[in-house]
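What follows is a pair of complexes built around chain A, which joins chain B in one and chain C in the other.
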Partner chain A sequence: SQSSSLCKTTPSTAKSPRKIVFVGLEIHAQISSNSKLFSGSQVQFAAPPNSLVSFFDASLPGTLPVLNRRCVEAAVMTGLALNCSINKKSLFDRKHYFYADLPAGYQITQQRVPIAVNGSLSYSLCIDNKMSQMVTKTVRIKQIQLEQDSGKSLHDDTRSQTLVDLNRAGVGLMEVVMEPDMCCGEEAAAAVRELQLILQTLGSSQAVMAEGQLRVDANVSVHHPGEPYGVRTEVKNINSMRFLAKAIDYEIQRQIEELENGGTILNETRAFDSKLGCTVPMRDKEGQQDYRFMPEPNLPPLILYDAKSLPANMNHQQVINIDWIHERLPDLPSVKRKKLVEQYGILPEHSFTLLNEDGLAEFFESVVKQTQMKPKKVIGWILKDLLSYLKQHSLTVKESPVSSFLLADLLNLLEKKEISSTAAKQVLAELWKGEGKTPLEIVKEQKLELLQDQKELEQICQAVIDGHENEVMAIKAGNPKVLNKLIGLVQKKTQGRSNPVLVKQLLEKKLSG
Partner chain B sequence: MVPRGVAARWRRAATAPGKGQGSLGGREEAAAGRESHAACLSPAGQPLGILDGIPIAVKDNFNTAGIETTCASNMLKGYISPYNATVVQKLLDQGAVLLGKTNLDEFAMGSGSTDGVFGPVRNPWSYSKQYKEKSVPKSHSEDKESNWVITGGSSGGSAAAVSSFTCFAALGSDTGGSTRNPAAHCGVVGLKPTYGLISRHGLIPLVNSMDVPGILTRCVDDAAVLLGSLAGHDPKDSTTIQDDFKPFELPNLTDVSKLSIGIPKEYHAPGLSSEILALWSKAADLFRKAGAKVVEVSLPHTRYSIVCYHVLCTAEVASNMARFDGLEYGHRSDMKDSTESMYAATRREGFNDVVRGRILSGNYFLLKQNYEKYFVKAQKVRRLIANDFVKVFRSGVDILLTPTTLSDAAPYTEFIQEDNRTRSAQDDILTQAANMAGLPAINVPTALSERGLPVGLQFIGRSFQEKQLLTVAKWFEKQVQFPMIQLEEVKKHDSDVFHHQKSASLS
Partner chain C sequence: MRALLLGPWLRAARGLPRAPGSGHRHRGHGGHRPQGPLRKVSVEVLDHLEHLALVDFRDAEGVERLQKAIQFADQLHEVNTNGVEPMDSVLEDRCLYLREDDVTEGNCTKELLENAREKVEEYFVAPPGNIPLPKLEERETFLQGSQ
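== the complex of A and B ==
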C-alpha cells in the first residue's frame, strides 16, 4: 500500500521519473524481565562490566539453556497487541557467526517458526506538519521472534585491543519485523513511535532507545514503477528517534542519486554516521554471511495453549494460556486515544499529543477531575501552555513544577471569572518558578483580580469612549472591529483586570444608546 | 566392608605404574578429601546416601567443580570447571567418593580411546592371565608390552577403571556407542539410558540430540543402583522428561516364558567375527531353551544409520565447538594480529585433527545450499530408523538382542592403522541406531574370545523401560557367569576380598 504523496520523494520529471521507495524495519526490543531469556542472571542497564554473567551466558562448556516464562508471556502479549496469529508451536534455532560479543559462536533465535506472525500496526502522521490533518496508515507485521541479545564489544584502537562486556549477552529480545510498506523516514519514525508506545503500555519492553532497549534496522530499496524491485541495503542499529527518519531519508536519497547517475546499489549493510548525517558502509559485515542455521537441540518446541486446547490436569505453572493473556491486555494507545476523544470531546490530534508525552494524559485527566472548566478548554492549557513550558526547559511531565492540583486551582479561578485569561497566563508563569505559592496568593500579590465593581468598570468605559471620538465614530459608521481597540484601552486602564467579555458588553451598550 | 580401607586399596591399584593410563592422575587428594569427609559426616555409621563411601570415576567430559576438566584436549588443558555436572552432584550428594577423571578420545570423538592428548588407554585385559596365556608372541624380540589391546571408546578410561577394580562404577557418555563399546571390550556392564532420563547438564556435549550419560559397572544390579541415583527430571536440562522417576530394585527373574526377544537380522553386519556370531546365536538359544519367544525381526534402515549419524553428528559438533575461541576460557593462542587470527590459531592449536575434521564437515553440511540435501535428509532418515524400532516393539517384541561389537578388542598397533573416521564408522555400526532412536541399551559381558578377551552382547529396550531391560540383562548375566579378570598385580594385594565372589558388587 503505497501512498507516496505523503513522502518526500522526488517529483516526477522528464529526466528523473518518480521512484517507488520501500522501507522495511527490523526492530529489536529488549524484553522487560528480571532475568535473561535462557539463564537466571539479572537484566540491568549500566551495571559494572561482566557483573551479570552466568555460566551459560559465558558459554561455559556443558551449560544448557532454560527458557524464561516471563519472556514468552511478553512476546505473546506483544503479538496479540499487534494483531498477530500466535503460533501454538514455535521452534528455536542456532544462528552461527564468530564475534567477540557472541560467546557461544551462535545466537539462539527463531528462524523456522517464530512465536507470532501476520499482524498489523496502525500509526498516524500529520500531513504537511500541521496537527490539524492526521492520516492513519498501516504496516504489516511479518513476524515476532524471541532471540538472545549479544554482549557489547568496545574497540580500543590505541591499545589494539577489544574489550568485551557480557552483561547484555543473553538478554531476551523480541524482534519485530515490519514489511516494506513504508516509503519514507517520517512513516518509519511514526510506526516505531507507535510500537514504542504499545510496548510501554504492555510493559513487555521499556523500549527506551537511549538505553539500547529499542534498536532499529532499516531495509531500504528504490525502483522505477514497472521495473523489478531494487537492491536492498540495510541501515543497522539506529538507536535514536531523532536519527531514524534522517538516516532512512538520507539512504533513500543516496540510492536515488546513485541510480540517476547510472550507478548500482550494492546489497550491503550500512551504519548511520550522526555527525556527518549520512550512511556509510559497515566494514565488519563484508561479504555474504552464511549463518548455517540449525535447530537448537537443547530446547524442545515451545507449546502454547488456549482455553480450548488446555489439558485438564496440566500443572498451570508449566503452561501459558494465550486466551488468559488476551483477557488481561491493557488498553492499547489507539483505544486510549479513542476513549479520550469520546470522553472529553477533544480532537483526535490532541489525543495523539497527550499520549505522546509520558504522563501527560494522566495529568490532563487529573486536572479535568479537579476543575469545573470544560475539558475542551482545559486541553488548550495542557497542550499549549504547560507542554511548551516543559519543552522549553526539557522537563518531563513528572518533573513539572506545576502539579495538576495547582493548574486545576488556577483554571478554577479563571472559570469563576475571578481573573482574566491574560492574568491566568501571568499566574502560570509565576507558578512555573516553583516557589510554592498558590495561584490565589500570586493573584493577590500581583493584584490580578478582575474588577468586580461594575460601576467602576462602567466609569472607565465611559472615560475611554469620551476620550476617543474618532474610534466611536468609526464604530457607529459600521466598523465593529474598532471596538477591539476600545476594549484594549479599557484593559490598559484597568491593568488587565477587566473581563474583556463584560467590557465589550458595556461598551456596546453605551455606544448603541 | 569398610569404605575407607577399600578405597585405600583401590588407590594403590590405580596408581600402579604403567597400567591403564585410565585415570588422569592427581585426583588422589580430592578422593582422600572426600573420603575423610564421608567418614566425618557419618559418625554414627549413618550412610550419607546409597553410595556412601563408594569410589566412582568420572569421564573427563563431565564438569567437576574445582577439578580440571579437559575432555582430553589441549583446548581445555588446565580448565578448572566452576560447577558440577548434575550427575556428578547427585553422586556426591549420595556420598560417593570421586576417585578421578578418566581418559577418553578427545571431546569423545572416537571408538578406541586412542585420540586424546594424554595418550591412549590400555585395556586392563591386556595384562590379564587370560589374555597372556592365549597370546603368542610373533618373535622372541617382540616386546610383550606392544601386544596390548585397546579399550574401545570413547569412554575407555572409565571402562578400564571399572574393569581393573580401580573403582566400583564409572560415568561415561554414549553418543554412538561410547559407553557400550568399551564396556564390551573391557568386560564390564555398560548402560546407555533412554535419552531424556538422565540430565546432561554439565556433560560437555558432542551431539546434544543423542548424548546421554553412560553407566559402567561390574554387574547389572550395580547399574540399577547408579541409575536410581542419577535418573529424573533436571530443571537445568530442558530435554529431561518431567515425569517422576522411581528408583527400582531388580527382581530375580526366573520365568522368561512371557518374554519375546527380537533378533534383528541387519545386525549380522559385514565384518562381524564368526566368534561373536556364534556367541549371539548361543545366547538366542539360551533364551529359547528357557521358554522365551525368540523371533527374527527386521530393522531395515539400519544400514543408513552410520551415514546419517555422520551428517548429524558433524553438524552438531561444528555448532558445539564454535564456543571454543580462546576468549572466555581454555587455551588461547599468542597470535595477536586480529580477533579472527587469534580464533583461527587458538582452534588450530587446541583441537586435534579428528575434531577439526568433524567441524569442517559439519559446517559444510550446514551451509545454506547443502542444508536440505544433507541435514534435513539425515533428520528424515533418523525418523525412519527410529520408526523401525517402534514398529518392532509394537509387534510384540520386548527386548532386542544383538552383538555390541564386531570383534574382540584389537591390538593398539593394529587399530591405529586406520584413521579415526574409518574406525568410528566400523565400530559404531551395532550401537549407533539406539542413539538415533533414543532407546535404552546395555552391554552385558558374555564370554571370553579365543584370544582371551571379553566379548559382550547388547540388549535394546523400549523407551523408559529400563527396569524391564535391566531385569532381562540381569537374568542373562546370571546364565553366562562371565569370568573375573585375573590381574596379576591385584592378586599380590588383597585378593581375599574377592575370592569367594565371581564379581564384586555394591549390594
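== the complex of A and C ==
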C-alpha cells in the first residue's frame, strides 16, 4: 500500500516551536531526440553558437511549429512510468515574457491540459546515513507537460551586454511537477535521483545534470502547525545533485530563522549561490509575473490513442498508441532492484548501490555467471573492493582496469581455497595496475598460495604455542580472545599463506589437549 | 467546423445596459450593435499593460483609442455562451501533424546573423538582462499626469 509521506516536523526547542516544511519540485528534463520539439534543427550539447538554429527557432516571421513525434512518445513513456493518467487530448499554449534568449517573446507550453497528470514516484532513503536501514517514500506527480527550452544567455558584465546563443532554443523539454510532499533536501535529492534513473532507463532523457539535461527548481515553504500555510519561495539555479539538498536545506533554515526573528517571507524567486552556499533574491524576477497565457493558435489539440480507440484508416506514422508504448516499457529501476534481490539473495540496500552506479549491476551479474562463489559473497567484493577503488580513482565501471572476467578468476581461486582472502586482496591490488597479468600469475609471483601441507602448518602452530606461554595461560584461564593474537602470529610466520579458519581449528585442538 | 449563428443568442443577451442615445455606428462590417458606455482604464492598469507588452500609450489620444477598443471588444459579452465550449481556433478540429525525428534544418548561422544589428563572434548581442522600465513616478510619460 502506498502512503504519501507526511512532512516531518522540525524538532521543537525551547526557543522555537515545531515547524512544518513543504518542498515541491519543478523538474525540467531535456528530451533525448535528434531534432527539436517544433523544428528540424539538431539537438546537441556544445556546437558552434547559432549553428543548430532554424528560421522557426530564431522566430523569423512566416514560420510555424511542427510537432516532433519522438518527443510525444518520450512524454507518454515517462507519464506511464510515473503512474500518470495520459490525457488523450492535450493542448498547447503560449506563455509570454520578454527575455533575450526567448526570441518569440513567448514559450510554447501546455498550461491548460498537459499530456499527463496525477502520477506518483516512489523513492528510498537511508535512515541515519547508514545503508542498513532504508525507508520508502512516495511523492505525487501533479503533471508532466511538453514545452520548449529557451536559448542561452552569456552575460558580459564588462561590456554591459548579453551574448545570445539559440542552439538550445526550441529543444523539447518534459516538465515534471512534484507536489510539496517532501520535507527536506535529502528527500528531494532522493526523489530527483530516482527520477533520473527512470528517465535514463526509459531513454526519454539522458538526464545529465552537468549538461543541463536535468534542471530542478524547488518551492519551499514553512509554517507552524495549526497556522495557515507559509509563503512559498522558488529556488532556482541548482546545477548539481550535490547542491540540490544543500540549497533546499539552506532555504528551509533561512525561512525558519526569518520567522523566528519575527520577519516575513516574501513570495519571491531566489537563486542558489554555490560558492557562498546560500540563496539570494534574483533581480529580474521581482513581482508577480503575468504570463498572459493564450491557446497556441497554430497547433490543434494533440490526440493520442489506445488499443480501443485506434482509428481504422489513418496513416500509422500519424498515430500514437499509448497501449503499444506501455507494452514496450523496459523494467524500471524499482523492478530491476527487486529482481536482483530475489535472484541473488542480496540485501535491498545492495540493489540500490548496484543500480546507482552505471554498469555496476551488469558487472556484478557477469561475475556471478563466471564464478562458483555465491552471489551473497560476490556482492561484498563488488561493493567494497571494486567500487571503493573506482571511486578513489574517479573511474566509471566501464573504465575499470579489472574486468569481470579477471575478478571472477580471482574469486574462483579464493573459493577453491587456493588463497586466503587477505591474499586475494593483495592480488586485487596488483590487478588494479592493469599490467595484463592473470590472478594465477600474480599468486605465483608473490608466493601467495595457501600452505597445503597440513603437517607443516601444525608444526608452525606448535612453535607459536611453545613460544608464547603467557598467552596460552590466558586462553586456558578463560580469555578466548587472546587466541586471535596467536592466529595472527601464525599468519605472520606463514607470510599470510595460511587459512585463518584452519589455523584457529588447529590451535584450539592443541590447546584443549 | 462549427456554424455560429449569432442572431438568436444576441437576442437573449445578458443585461449590458445600452447607453441611451449612443445610436448606431457603422464600422465596416461590425458596427450594428449599440455600444456600451466608454469605460475608463485606471493608471495602474495602463502602467501594468505598458510593462507587460512594452507599448507606450504616449498621449491622451492613445489612451482613448485603447478605451474605445475595449468598448468594442465588450460586445462579446452580449453573446450568451452558457454551456458552450470555448473555441481556440477555427483549426481546432484538424489533425495535428506529427513530424519524424530527423534533422532537416539548421546550419545557417551566417544567414541568421545577417539580421542582427550587433554581433560578437556568431553570438547575437542584447542588452544585459531585462532593462527594468522605470517606475511610474520616474517616467516622463503622459500617464504621469493622467487620471
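We take it that the second predicted complex is superposed on the first by the 502 of 513 C-alpha atoms of A that agree within 3 Å, B and C clash if a C-alpha of one lies under 4 Å from a C-alpha of the other, contacts with A are read in each partner's own complex, and residues count from 1 in each chain.
Criterion: contacts are C-beta pairs under 8 Å (C-beta built on N, C-alpha and C of every residue); 3 or more make two chains touch, one makes a residue touch a chain.
Quantities reported herein were computed from a predicted structural model and do not represent experimental measurements.
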| item | value |
| --- | --- |
| Touching partner for A:Asp290 - first (chain B), second (chain C), both, neither | both |
| Partner chain in contact with A:Ala58 - chain B first, chain C second, else both or neither | both |
| First, second, both or neither for A:Pro300, with chain B first and chain C second | both |
| Chain B versus chain C as contact partner of A:Val66, first or second or both or neither | both |
| Touching partner for A:Ala104 - first (chain B), second (chain C), both, neither | first |
| Chain B or chain C, by number of chain A residues touched | C |
| Touched partner set for A:Asp165, first chain B, second chain C, both or neither | second |
| Touched partner set for A:Arg94, first chain B, second chain C, both or neither | first |
| Contact residues common to both interfaces of chain A (with chain B and with chain C) | 55, 58, 60, 66-67, 96, 98, 100, 160, 162, 164, 290, 292, 297, 299-300, 318 |
| Chain B-facing residues of chain A, complex | 55, 58-67, 94, 96, 98, 100, 103-106, 160, 162, 164, 290, 292-294, 297-300, 318 |
| Chain A-touching residues of chain B, taken from the complex the two chains share | 62-63, 69, 71, 76, 81-83, 85, 200-205, 207-209, 235-239, 242, 315-316, 318-319, 321-325, 327-329, 336, 339-340, 343, 363, 366-368, 371, 375 |
| Residues of chain A touching chain C in the complex | 33-35, 39-42, 48-56, 58, 60, 66-72, 91, 96, 98-100, 153-157, 160-166, 283-284, 286, 290, 292, 295, 297, 299-303, 317-318, 320 |
| Interface residues, chain C side, partner chain A - complex | 48, 52, 54, 88-89, 91-109, 112-113, 115, 120-130, 132 |
